Amino acid sequence: MSGSSFGKAFQITTFGESHGQAIGVVIQGCPPGLFISQAVIQKALDKRKPGNGPASTKRKEPDTPIIMSGTFEGKTTGTPIMIMIENKDAKSKSYTDIASVFRPGHGDYTYHHKFGIRDYRGGGRASARETAARVAAGAVAQLVLDPYQIRIQSYTIGLGGIKTKSFDANAIDKNWLKCPDMEAAGKMEKRIEEVKLQGDSLGGIVEITAANVPAGIGEPVFDKLDADIAKAMMSIGAVKAVEIGAGIGSTEMTGFENNDQLTPEGFVSNHSGGILAGISNGDKIIVRVHVKPIPSILKAQKTLTDTGQPTIVSTKGRHDICAIPRINKVCESMLGLVLTDHILRQKTTGKNY
Amino acid sequence: MSGSSFGKAFQITTFGESHGQAIGVVIQGCPPGLFISQAVIQKALDKRKPGNGPASTKRKEPDTPIIMSGTFEGKTTGTPIMIMIENKDAKSKSYTDIASVFRPGHGDYTYHHKFGIRDYRGGGRASARETAARVAAGAVAQLVLDPYQIRIQSYTIGLGGIKTKSFDANAIDKNWLKCPDMEAAGKMEKRIEEVKLQGDSLGGIVEITAANVPAGIGEPVFDKLDADIAKAMMSIGAVKAVEIGAGIGSTEMTGFENNDQLTPEGFVSNHSGGILAGISNGDKIIVRVHVKPIPSILKAQKTLTDTGQPTIVSTKGRHDICAIPRINKVCESMLGLVLTDHILRQKTTGKNY
Amino acid sequence: MSGSSFGKAFQITTFGESHGQAIGVVIQGCPPGLFISQAVIQKALDKRKPGNGPASTKRKEPDTPIIMSGTFEGKTTGTPIMIMIENKDAKSKSYTDIASVFRPGHGDYTYHHKFGIRDYRGGGRASARETAARVAAGAVAQLVLDPYQIRIQSYTIGLGGIKTKSFDANAIDKNWLKCPDMEAAGKMEKRIEEVKLQGDSLGGIVEITAANVPAGIGEPVFDKLDADIAKAMMSIGAVKAVEIGAGIGSTEMTGFENNDQLTPEGFVSNHSGGILAGISNGDKIIVRVHVKPIPSILKAQKTLTDTGQPTIVSTKGRHDICAIPRINKVCESMLGLVLTDHILRQKTTGKNY
Amino acid sequence: MSGSSFGKAFQITTFGESHGQAIGVVIQGCPPGLFISQAVIQKALDKRKPGNGPASTKRKEPDTPIIMSGTFEGKTTGTPIMIMIENKDAKSKSYTDIASVFRPGHGDYTYHHKFGIRDYRGGGRASARETAARVAAGAVAQLVLDPYQIRIQSYTIGLGGIKTKSFDANAIDKNWLKCPDMEAAGKMEKRIEEVKLQGDSLGGIVEITAANVPAGIGEPVFDKLDADIAKAMMSIGAVKAVEIGAGIGSTEMTGFENNDQLTPEGFVSNHSGGILAGISNGDKIIVRVHVKPIPSILKAQKTLTDTGQPTIVSTKGRHDICAIPRINKVCESMLGLVLTDHILRQKTTGKNY
């Protein structure tokens, strides 16, 4: 039982390595008759692309998605949709010197122990490049969410230890870090410049929300909406923690404080993050993910070779300093995939089946 | 696509409602030839039972597990193991007054919207009572983990806003809150007494660890070990956040600080929580879950009836004040189930398949 | 990956052995709000019960189904439905003499090689008794099919080498063999009496049809309607061949003869058996299964012990002479389960998703 | 829940339409470290290619498989293997005249009813061309079977009503129909020539065997080895019946005749076809499939347009006269895929797990 598929009714299967011929995704269960175009997928992929900011890798992939199957005359046909993204700017030579060295914080050591063989070029299958396939699939999923007017958004609320203190929705698109607090954004940028000079890297916190999700979505007791969201987020390489709604903060409230009381005008608060007992309650879905610093750093680190010899490694490939803001789009895509899957599943399990 | 099954190679399917005839679990994929007894399952269930402490419900269920299938002459046969726990102390009358009222913080509202019908007695399917089935299954899973000497442990590191400041492994079993810091435990107990008088409830934080997990377990890129653990934990009713290793703390470190450097003596630190790129690295698995306060409280709260009328509700059933320490055992069980599933899956996907 | 679950949207998981405490089934994905009663399940089970005819086992099980979960006030709630049937008339002593002997035609040899351990009492998990759980689930599935007026029927068209030569729908319930040709039925009965005296057994052929299945059901290219039906039928113990529509006969026709031409009045013929390219075409679904003779016979047969010693075995338990007509109901149930699963799946994959 | 995936431990997902950009397959769960080459896949595909015989289509596809992911330095890495076959010789114009007409015997009518939209070019997703992806996957599966020396073979035992009367293994490769009886082969060829002139088509019977399958493979009670084989075979477009071992013939034997008695030298007969109670018994696996005539024929047939108007259709594309012998290779591949899946599954469920 391998694990490269996600979702049940709307199911994606990704394939490909960082420096292989291509990466891509097969989408099963996409309903027929939806208008689809390369452009809408390209637009989503562009949001995941490395920017020109100081935190970005110098690897420049056009990330052009090619729809290879499952559509006819501009519409989905209900058959598997395969979207492929060729690897164009792979420079594998940069990696030969680390072919037999386990980079700290990376999957080198664990892939070696699991499979006994690994494609070391650019992280192989463990590369964040795989998430482009998720974003392409997320763009297709959004076609299912559109009629519900479900709108998914993400923004940066922490980076390198700096946290936002205010929320201005208009600010999000005014800084490349997608931060809703311009002052915090400025400090974050400075922190990145500082750490970059040290050959080091940073992590941060992303909040993702979904508005207009209908009440009643989720499949208890294991495929709860929050459980599937937690899995979706934690399956993204650098994520080390996931919160729903008040999350960690809920442990410091009493039941009276934490419970979202109900009035004819709606819920008085949204500590639940839009999910009660694993099912959406119609309120805004709120998720927070905590992203560890990029493990690839220039600073020298102790490690072992694959024959157990101690050595020193300094990662020289082309890497981001921080997964934010590229990971933000990936988080949005994963949330969209979970919601699409559950909206379709509800059609077989819910009251109006 | 309903969602009451968990795991792929070692798969459990739970059934039953709080006040139905019974709850239980069918376990598929348990290897043959393992010695099994009712006693070992009972022992696990006893750890989940309400204690005599002030935080506990007055519902006293014997929680006697009956092994209905899948064993012969004291051994597993490789066929489905069904374990049933009859509901003995169900007092459904206490619930008739809330049959048409949505209790804040509970699944009443969302079950109503999903299914259009719900068994309101004691929370029905959404009751924490369902977790007894998970604990029974976890006891069977441990039989698979035993030969690896995998040892799963949990302890309370936060409750009602009070956090532990030290760790004494011996303290854990010396206080009913399973807290490794006796001084903190004392404060937590006081906090519970205080809040109980107010007709309110509390949440907390549990850390769960697994020692001796072999390196190489986990199925990227979606069924990563940490992704499945996140789902497992978030599928437990009151859990609102899940961390792996340094978790939230990792966002405040640089890459150099956060990376676990490797030496011939092992990893220098364990910020990864024993998991790299979704695969175990042989180090201790570390998970933290953040548990919201029990939503059932005596304090009056605003809510709606199922016809949309505003009303006031005060939950009078027999409830815990805090899910801790009963939830601790459930978390251990879920971690054990994930590990067992992945240890079996590795036999088909790993290097020594 | 064990294999005791069937179906994806409407999924059943059976458990239990012939001489264990109980057999049963957990049904996941049954829509909420359906009226359900023990009586409707009992009625289905009664059709699978051994009759008083000469082909029948003397084991008399009341086969009383107990609905343990998933319903409330007489309706399904959308949560897992567990139905249990206790084993009452298990006489395990009859089997101790064959504990270490592999009965020809049975699963003894293969279970031994697969699991290294087996519950030899009455065939254990491999007993046809397990099919009672399928019939119970089939009765629930029919609740989903009822609004479509889907009607599933089966009848015997061959037994012990005797084949029907005519079809009289009214005859089916007039003979205990469920044969639509009274003359053939008479010959079949005689053949049974004859073979019974010889301590031997017989097989036969059952045709199963489903009327009013809407066009458009089935999930190519693997979960085709006919593919899932083939699996469903072949998963029944004694079945050795499955045909759809003209089946074997289609190989002797030309394309022109075999193709079902279309007119405004409908299809001119139904050689396809109601399924084209794995999807229902609205015509009657037609399936034929070929059932091998009951392997348990009094006649002495050569075999081996589980230590490889040659020996002679003569099966003395209480057995049917022929799986027909009890297997007929099981076939109906399996067809109903496949149709229900696909009708629900169509809600997520089809044009009106 | 769409249905383009097959298998659980060794899982394939196919994509693509007859006249789209490409068809292909993603293989999940292929163990790491296996030597793999394009050549071995090409060799398998060549066996499925249209021959030069009179029964063959004139569409000449090079069917060049490109391994896009999952391998490194000539070995499998344990990550998803994507194999793509581009469509080179697609002449879609031939199909525009049937864009709105339902061809009898084809999936046109049912795809229309299921999806409300269909890619009519060359049958779209329902085209037999999709089976090339299965054959490519089957070639990879064989790498897992090789160490067991499992050898899968198929041959034609019926065509256009002519059946083989003798079996000469050496004859199989001496006639393009893969028939083990040269005399029958001659008659079959004549029959094809005859029917071709009439603008008609033929069906036939293929037997597929697998030698050296270890005893103990299969997952009762639903994922039985024979149940999964039945599904695998029935999922191939033209197949209308599947038999295991004595199959249909078993219904004319008594239990004594049909049971395979056991001696120290092995089973005395193989009526079971190597499978008992859904688990392999170590004897040769024997499967027979009955293939309907190719539905695309030149002869005029009555049908309807997609707006319900009666019309006459005569299929003019490039088609085979008979699916045999091209389907033989597809059947072999499907059997190989089932065996590979179950051999891997046995590692988690069997006695030596």
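Note that the chains take the letters A, B, C and D in the order they are written out, and that residue 1 is the start of every chain.
To be clear about the criterion, a contact is a pair of C-beta atoms (placed from the backbone, for glycine too) under 8 Å apart; a residue touches a chain by one contact, two chains touch by 3 or more.
The model shown is predicted, which means the values in this text are computed figures rather than measured ones.
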item	value
Identity of the chain that, by mean CA position, is farthest from chain A	C
Chain pair with more C-beta contacts, B-C versus B-D	B-C
Chain centre separation (chain A, chain B; CA means) in Å	26
Centroid distance [mean C-alpha coordinates] between chain D and chain B, Å	46
Distance from chain C to chain B - Cα centre to Cα centre, in angstrom	39
Per-residue overlap in chain B, given as positions that touch at least 2 other chains	1-2, 4-5, 8-9, 14, 29, 32-33, 78-79, 114-117, 125, 220, 345, 348-351
Residues of chain C defined as touching chain D within the complex	1-6, 8-9, 14, 102, 104-107, 109-111, 113-117, 125-126, 130, 158-161, 195, 198, 200-205, 215-224, 226-235, 237, 240-248, 250-264, 268, 271-273, 275-282, 290-297, 299, 301-304, 308, 310, 345-346, 348-352
Residues on chain D engaged by chain B in the complex (per definition of touch)	1, 8-9, 29, 31-33, 78-79, 220, 344-345, 347-351, 353
Chain C contact footprint on chain B (complex, rising order)	1-2, 4-5, 8-9, 11, 13-17, 20-24, 26, 28-29, 32-33, 66-70, 72, 75, 77-82, 84, 114-119, 124-125, 348
